[in-house]
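The next part holds the structures, each set out as structure tokens.
Common to both upcoming complexes is chain A, partnered first by chain B, then by chain C.
Let's turn to the complex of A and B:
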């Protein structure tokens, strides 16, 4: 029973680390559907800077957000292998698929829940946590789908 | 939330994107300079750079909350046609980027 709970906690704490401008961001691995070479995005006139536009993924329309803009990161150097990370956002009963443009997918890491310092705004950022000598931003994907 | 169903959609290109307008909402279409002028929803004039054609069987899904959060427009939905994402227009709430402006050469 205890082992089962431990496994569940470990699964929930597993994140995909991606580079977004000057920041590293952690996305809950369970919500990540695919990491692909940067998709072609068609801009939506009048959209906020966070929304790059619409792309096609697996025959479906996919809203694509700029992860660096979303977390207010200064843009980094031109990425050599930019990616689109396709994720599920929102609650399970009404989840939707969106894409994040990121400079690179880095690695899968474990972020213990107790190491996360909660963000004050309660928005898309769940908080920050130290990972491998660096402070990473932990995203709250549920908040994005609401 | 329900997605719209129409017999067919007129697909147009404008401002770098592809837009779908339900056939029955289009009451006029005229050449205007290098582009086109369409009358939509009775009295709204829409500009198009290119007419891509009419498609049937477009699978329209509701606009995602993330889309609505960062885009002030209210589309009827989203779809994909020919590998391209399509914004399906609500004829009663045509996005500003599609509206034809007086004196504009579409």
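Let's turn to the complex of A and C:
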């Protein structure tokens, strides 16, 4: 039981580390569906600033958000290899896939929950935690689904 | 200077001795008595000397003729002498009058007054008057011609003197100029020698420059060949560098491909990790493999980056090499162009040096010839200088001769002016004309104003003055055109002097006739002048004053 609990904790602490502007952001790996090269995005007229548009993924339309704008990062230089991270959001029974455009997908890291310093608003930005000598922003995709 | 030149006396002043009245009648009576006596004596001698028996008619005839002669003498000769005796005083008076007129005429003629001498011939017999008048007229014309000619001679001599002086001055300047030219020519000759030497040295230098130019030309041609070879090699390096650049681009494309594969591999490893995580415990090993793949992709990417960095450096080096070879090629082209230009310039310089050498030799030769010609010119100029100096001396002699001729002309003018002619150019006539105008004026101020007017209208008169017989000055008038204020003040000092001791006053007072004083130097302006003076008379003919005028010789000859 303890091993299962430890595994669950470990699985929940695993994140995909991506680069969004000047920030490194950690996405819960359980919510990540796929990392692909930056998809071709078709802008939607009248859409909000974070929503870049719709892309095609697996034969389905995929709304794509700009991760850097979501975390209020200033736009960096042109990334050499931008990616689109496809994630699950929302409850399990009615979850949906959305895409995040990021400057780069870095690696899979483990962020212990106790190392996370929770953010004050408790929204999309869960908190910050040190990873490999760098402060990483931990994102809460469930908050995005709500 | 104080004596008037006079003509020689022609007529003696001695009176003619006239026989006393009645003498002719007495002589006639004595002649009649003598005739009677001689008749009677002749008759007695004939009577006593005749032989006895001789006829008596010769005696009677002699007596008859003698008596007839006595009667005739008594009837005709004696009355004639008596009549002659009666008419003799009238003839004697007439003769005395004619004699006086003739003496006066000759006296005036002796004094040179040809006007009054003619006036005195009016009473002479017509023929004698005509002869005297013709003689005076001829003499007057002669004197007039002498006056005119003397003035012309003096003027001409003055002009000759002036021209000779100018020529002498010009000759002096010419001589000085010739001396300067000689000095300049000598300097020119020296300069020509220096030029010849310099030209010789320049010819040598030009020859050396020509030889150096030939060597330099060869060296430059070699340099041009070397630069052309360098340019070819630089071009080859540039070509190879360009080929390397092309190859580098191909390598970049390969690196991009490898990078892309590494990225894809990286993404693939991440997706594998995601799938492994989704697989839970079953995917743990797979997640390890995925992690290894990700590391491998990362290392591949790092290696690619290293290669890219090296390739960047390599490319930079190649670009730098290309740029350097291009610049080197351009520089080599420029050097080649300059070398060719330098070769052309050296070739031209070599030709110019040759020309310079030839020209310098020609200059040297020409300047040597110029030197010789300059020496000849200097010798000629020295001869010219001697000639000019002699000419200057001759002109000075001519000037002095002309000066002497001018003096002679003035002396002749003086002699001619000693005649009183009825001509406006006769100074005696002039001063007497002035005297006639002044004499009738009653008061001294009027006389002085008249004198001022006369002096003002006579441009050749320096000074006019009226002197009393006691030597005092009655009136004094200046010609302001001839005398300035200082000279007028000098002339005014005559008021302070007694003029009776002056030569002109002595001369005029000697005979109270119009007198001309020979030329002398004016006290006022140091120029030559005449003084002509004449007595002024009162209404009764007595001498009242002396009128004198000073004639400026230059002004007089100018008119």
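We adopt the following convention: the second predicted complex is superposed on the first by the 146 of 146 C-alpha atoms of A that agree within 3 Å, B and C clash if a C-alpha of one lies under 4 Å from a C-alpha of the other, contacts with A are read in each partner's own complex, and residues count from 1 in each chain.
Criterion: contacts are C-beta pairs under 8 Å (C-beta built on N, C-alpha and C of every residue); 3 or more make two chains touch, one makes a residue touch a chain.
It should be emphasised that the depicted structure is a prediction, and the values quoted were computed from it without experimental measurement.
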item	value
Three-chain arrangement built on chain A, chain B and chain C clash or fit	fit
First (chain B), second (chain C), both or neither touched by A:139	neither
Greater chain A contact set [chain C / chain B]	B
First, second, both or neither for A:73, with chain B first and chain C second	neither
First, second, both or neither for A:25, with chain B first and chain C second	neither
Contacts of A:65 with chain B and chain C, given as first, second, both or neither	first
Which of chain B and chain C A:34 touches, first, second, both or neither	second
Chain B versus chain C as contact partner of A:129, first or second or both or neither	neither
Partner chain in contact with A:89 - chain B first, chain C second, else both or neither	first
Touched partner set for A:81, first chain B, second chain C, both or neither	second
Contacts of A:105 with chain B and chain C, given as first, second, both or neither	second
Shortest CA-CA distance in Å separating chain B from chain C in the superposed model	22
Chain A to chain B touching residues, read off their complex	42-48, 50-51, 53-56, 59-63, 65, 89-90, 96-98, 144-146
Chain A residues touching chain C - in the complex, by the definition given at the top	7, 11, 14, 16, 29-30, 32-37, 81, 83, 105, 107-108
Residues of chain B touching chain A in the complex	15-18, 61, 64-67, 69-73, 78-80, 83-87, 95-97
Chain C to chain A touching residues, read off their complex	263-264, 266-267, 270-271, 273-274, 277-278, 280-281, 287, 291, 294
